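The data blocks that follow each hold one structure.
Shared between the two complexes below is chain A, which has chain B as its partner in the first and chain C in the second.
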Partner chain A sequence: MSEAAIEGAEAAAAPAAASALRRSLRAVGRTGVVLAKRALMLAVLLAVVFAAIELLPGDAASATSERGESAADTAARRRLLGLDRPVWERFPDWMTALPTGDLGTSARGEHVTDLLAAPFPNTLLLGATAFAVTLAAALALGCWAALRPGGTADRIVGFASGIALALPEFVVSIGLLLVLSLWTGWLPAVTLTAPDGSPASWTMLVMPVLALTVPQIGWNARIVRGALADQAAAPHVAAARLDGLSPRRVLLRHALPGAWPAIATGAATSTGMLLGGAVVVETLFNYPGLGTVLSGAVADRDTPVIAGVVACTGAVISLVLLCADLVRARTLGARP
Partner chain B sequence: MTDSPTAVHVTDLEISIPGGPALLAKTSLTLRRGRITALTGPSGSGKSTLLRAVIGDLPDGARVASGTVEVLGHDVLALPADRLRHLRRHRVAYVGQDPGSALDPRMRVRRLVAETAVDPSPQAVRDLLAECRLPVGDGLPDRRPGALSGGQQRRVALARALARRPDVLLLDEPTAGLDATLRDEIADLLRHLATTRDLAIVLACHDPELVDHCADDVVDLGTAASVNTSGAAPVDTSGAAPVGMSEKTSVEVSEKTSVGRSEAAPASISVNAPASASPPRGDATVPLLAARDLAVTFTRHGRTHRALDEVGFSVAPGSSTGIVGPSGSGKTTLLRVLAGLQHPDAGALTLDGRPLHAGARRRSRAQQRRIQLIPQNPLGALNPARTVGATLARPLRLHRTAAKADVPDRVAELLDHVGLPADFARRYPHELSGGQRQRVSIARALAPGPDVLLCDEVTSALDPGTAAAVMDLLTRLRTERRLTLVVVSHELRLVAACTETVHVLEAGRVTGSGPSRRLLPAGTLPPMAQ
Partner chain C sequence: MNWTRRQALWAGGGIGAAALLSACGGGTDAASSPADSAGGTPRKGGTLRIGALGRASAITRDPHGVQGNESDYLIIALVYDTLTAPGVKDNTVGRLASAWKPSDDLKTWRFTIAEGAAFHDGSPVTADDVVWSLRRLRNTPAGPGRLPGIKAENITADGKETVVLVSDDANAELPLLTRLSTFVLKKDTADKEVAKAPGTGPFKLDWYRNGNARLLRNDKWHGGQVHLDAIEVTMFESPQAMANALLGGQIDVASNVGAVAARTAASRKDIQLVRRPDDMAMPIVMRTADGPFADVKVREAMKLVVDREAMVKQVLSGYGTVANDILGTGDPAYAKDIPQRRRDLAKAKKLLEEAKFDFSKTYELITTEDIPGLAESATLFANQAREADVKIKVVKQESGAFYDKTWLKGELYTNYWGTNDSVVFFASKTMVTGAGQNEAGWSDSQFDGTYRKVIGTADKKARAAALRELQQIEHEKSGYLLWGMADGIDLAGSKVRNLPKLPGYGRVQFENVWLAR
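Entry: the complex of A and B
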């Protein structure tokens, strides 16, 4: 092997490497722009949260005042919490501290970061489990219904999903409590926590997850069924049927890939509803999650805590929406 | 002839929509193994309906009024669903009129072919693609249908049909959109398959040369139907029926009107914009539409495909220019660039000597109006959720070429111009035959009163009579309104007959241009013969 040959190979490899580098740099740049846009969206959302709490009657100092506290004490605490300053000064202060991981101090003097450290993973666990169950059940039901359009399964799924969609989480929760806990005694009615603040066993998750997923399964099953019906009318799906492929293959290989964008978008919007529903469900089952923290914080007009919760859930929702957009871009990009 | 075994036996089949038009007048058909049968007849005579009936598929709402269909010993119209599916999967293959939309847009060519194949190994798939005259060397098996030309899509669909090694092959317009060389190759391939695999092939076809080239038997649905129905009650084609693939009688009538009109005094009707909206006419030395050094490349996964390479192009006002070339040579891409639908990587466009923006959205409303494209695939280009009337009314309103109250009249007038009855305005695209859809597509392009009409294989879905009528219409409009035509077609005779200048594209480059008469001598020999 002569040196000249090695040099030649390197010379040939150099432009290829340079173009690969340029491509990857461009990809990084594009990703950066997308992420910056999402971060900006989150900042706007937090500004709205600050403004909304400002509009509520009362403030944290009066909401958390001890019985028999004098007006002067309350005013002193208001000054201590910085609540005497206008909201347009407090918001930038809070926002500039956010990138360092400092979510501020609650009205009761605790660090918000510590306050959320235990409940946030619990809510993530609840939400992620509910999301996975929702997606799996909605796909299964939607596909089952789409296999025989107009058949018994289709009509049952259509009818049941309509009802499930209309049920609020607390109605489902109460129904589950009655059946699974009070009548049969299979599951405990309230969540017991382990010493580290997480649920004591997985059985504690069953009822909250079910209460969250039932309405969302109804919603998503309808979206899956509708997207598959649209795809079934596409010429290439009709052609696949005329090629004598099995109904299952036509559904999974030809109709479902085209339905992904609609399904992903529907499921991503469910994330918001799952996390919103978690507030109700966690309160009902006494589950140690963000919902419990949030309902307490709203009663206290505790702006940093509420904004901290919104920052966490907002980041999760943005991330899921971003994933849905990626699925969409990938499916549509595969066309040419 | 009579000793070869019968594969398909259709006896006195009549298909109609209850209370509506007949889709197929009483027809009998026998297919034998090792023989090729051609179905001919004007568009709307039920060729596609008959082919679909052979695989047991009827149009929505249609009923079999009488007759039986027996395929390989099975009565397909009475077969249970799973056995019918088995028949379609393994023994009978059908390729529709519009393979571009029938191929799954998300699957790559090799998977599309392997999916139905008896032998799905990569080598077998490549062999089959090569057998269908597809270039397998340049990464075609890894492309998706959207990255193939119309002719390539058609051959991929054929390969997918052959992969299951069927006993009966049903082809709807197998060579529409293919040039003469390819058409003859496909004809030879079908001939070869029929003989070696003992295959019964039936093709619905408008192209008399293909029929001459490879068909053993010819069934003319136009005449067969009239003979067979002579004793029966005449088919009611009042046109008031809500659903119908086509109406034979009305098509024939309209054809007569359009032919008659092309002979009649022209000034009586005007499909174009009001005279005030007509553009300033430059002198003949300034080309109306010109392109310089166009380059278009498509890149997929690092592989670059040059669709256009330094292409120059110009048309004089009122002229007619043809673009010919083999399948995949970039003809459609060139038209799309001129129409502003495809952004070129390099090059410049001018209209009346003034720069024209490459993207249609950046062009002025008047520029948009003046250049209209008639696309290759009329089913894909018509919105399935809109009636024909709504489709035609939209450009009229958008370009304000007609007052609101006049729109219905103008729609009727446009339909009349392309030889369709006025009540077609209430129909949806799926209720029309392939030829009728193409006419609607042409009417839509005419609606805003364009100066330049870009025609992409406008006659490939039409039978010779209809194709001639449509080309007559375009030629007449051209002389009446100084309309400028750019015609992409594989039918060299047609290009020779209706154009003065022709450009030959090969692999994205212009390899020849000049007067049509010189480049396409008598329209018989392809200029790009290998």
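Entry: the complex of A and C
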């Protein structure tokens, strides 16, 4: 290779590097904008939470009052909790403290961060495990069904997933409890807590995870199957099939990549369902997570606790939605 | 007193599981309790695993805070001592105080601290510690309700062993007030340290985490020998999950688990069912100040309309007893000799006609689903009233709305009370003119006079007579229709002995429990 040729190649590489840098900067910028949008959404959501609790009858001072307490005592506690101030003053106060990690104080005088310190990781563990199981099972079932459209497997998966997605979590929970614990004694009926605040044994996670995933597997398996069916009709997949590639190779190499955006979106929406279902499932299995904190806090009209839970779960859901957006952008961006 | 206002999220699932279970259990003779829970000589050792109800959002570590969780109260009551405690024969028995004596005017009460009482770190309990703790309690927002009539500055020490409480008014029942939340901490314990502060109780705190805790035996407890090595407390949000844990052998005791769970477990021979009578009052409140029930004849008619046996059988699944419109049924001084009021539709109709009651109107009975059975009691009563041509429509309110709009104001509503061991407690809190929770808006000069006589009389015999008269007036005229009392229900494994027997806060008395081999 001559020197001139090398110089030429270097000269050509420089603008290529610059354009790569520009591209990655643009990507970061795009991500930043999306992040800002999500953060704004979360703020709006929290404002709605504050407003909604304001609209409910009663307030934290009366809901947590002792039966022996007089109206004057309750009023004094209301002042102490700052509930005598209007909601449009309390909300900005709470929001401005949020970036510093201060989630305020519960109606019973405990720091909200302390109240959530152990339950939040527990719910994340439950939710993440359930999410992983859901995704893996839905992909496996969806692909299995899509291998032979209209075949036995396809019909079984279609039928079973329809039933599964229609089952509410508490029905699944009670069924699991009866069969796996009370009749057979294979699994512990409820979650007991170790001194560090986490579940005392991994076996205690099995039933809550199953109860959460069964309906979501049903839902996501259908999405995977549907997205693969759409892709099967795409010209490049048809071409691959006509080239005589094996059905498995066509599915995994040619159909599945194009189906990712739909699958990612479906899975991302499942995050919300998983965390929502956790409220019921955690109560049924006495799992020490955010769901149990939330249901009690709503009864107590304990706005800082409710908002704290919403902020945590909202952040997680936003993050997952962001990932889904990125997966979509990447897949669609690859095929202009 | 402060039964948690629990959401009824559980009802659907719980009852579903219970129905399935009992269907599969093929349950015969449900009432038989398998093991004799008192027999044998106490054996030392073992860890007792207790499940108690509580919500993660309502956790309170402060012994003088507002305890919404039974689990928190249980832990606190085992680690710290109150001055006095609920008793079986006597309504008030000593705990940290071994004796108490009033002055002649019943205003000044002197409490003597029990000999040998010491904190878990070894330092002896002094009167200064008790005074500091009681003043701290009195100065909390709920303090005036917990030590009514006793100002903080009127709690003083006299020497090292005597604490003096001076009440604004004569009060023959003052020691009763010190049973529930007068937990004693060391003087000058900082607010930040309260959660870990040493107590004087039968158990020491090993660890506490999010409502769950492990407690170790205090070998030097002044109250006597403790048999268990340790107690582990697990907090449960739902009674059904707690029952499942017990059925699955994960816990030894399910405290205050309720009637639904009791039915579920009835077919299991290896489970003890402990019924603690007089645990929960679920009265129907009729407004006396004004409105359709202001006429005492109408109120009496309503009390004659209700079919008490049917209420107990259907609303409480039979886990309860019929009551006689007098609150405080667990009090040793409860007037059992006042004739039981029974259903008498003819007399009820006659009374209603005399009172010119408007039969054409439909009256709203407001209820909540705060505790199991409450809304059902309203519905059943409405059905029974129809047989006397009284039209009642049941209106369910959400808990927050109920306390905001109906409680203390409504004309006809259901309510519940979890502390039922004192007639005077109810008289002072809910029936005397101007009382803070006068739920029926009642004001009766004869009742007020008798009440003053009860708490202002030192002579035991004269006081007992006045207390009897007080209950007679309440039975005849008050705005309370108390049809029955729900049992407190605990479930326990077959090896647990000497379980708590008392209603209400007495459910936490686990210090004498032991485990058989």
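Quick note on the criterion: the second predicted complex is superposed on the first by the 305 of 336 C-alpha atoms of A that agree within 3 Å, B and C clash if a C-alpha of one lies under 4 Å from a C-alpha of the other, contacts with A are read in each partner's own complex, and residues count from 1 in each chain.
Here is the rule we go by: a residue touches a chain if its C-beta (ideal position, glycine included) is under 8 Å from a C-beta of that chain, and two chains touch if they have at least 3 such contacts.
The structure presented is a predicted model; accordingly, all values stated were derived computationally and were not measured.
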{"item": "Of chain C and chain B, partner touching more chain A residues", "value": "C"}
{"item": "Partner chain(s) touched by A:T303 [first = chain B, second = chain C, both, neither]", "value": "neither"}
{"item": "Touched partner set for A:L80, first chain B, second chain C, both or neither", "value": "second"}
{"item": "Contacts of A:L182 with chain B and chain C, given as first, second, both or neither", "value": "second"}
{"item": "Partner chain in contact with A:V280 - chain B first, chain C second, else both or neither", "value": "second"}
{"item": "Touched partner set for A:T269, first chain B, second chain C, both or neither", "value": "neither"}
{"item": "Residue numbers on chain A that touch chain C, as the complex places them", "value": "56-59, 62-71, 73, 76-77, 80, 106, 108-110, 115, 118-119, 170, 173-174, 177-178, 181-183, 185, 188-190, 192-193, 195-197, 280, 282-286, 288, 292-302, 305"}
{"item": "Residues on chain B engaged by chain A in the complex (per definition of touch)", "value": "52, 55, 57, 85-90, 93-94, 96, 98, 101-107, 115-116, 144, 146-147, 160-161, 164, 298, 300, 379"}
{"item": "Contact footprint of chain A on chain C as seen in their complex", "value": "1-3, 5-7, 9-10, 12-13, 16-17, 20-21, 24, 55-62, 65-66, 68, 141-142, 144-146, 207, 209-212, 214, 234, 236-238, 240-242, 244-245, 247-248, 250, 398-401, 403-405, 417, 429, 436-437"}
{"item": "Contact set on chain A toward chain B in their complex", "value": "234-236, 238-240, 242-246, 253-254, 257-258, 331, 334-336"}
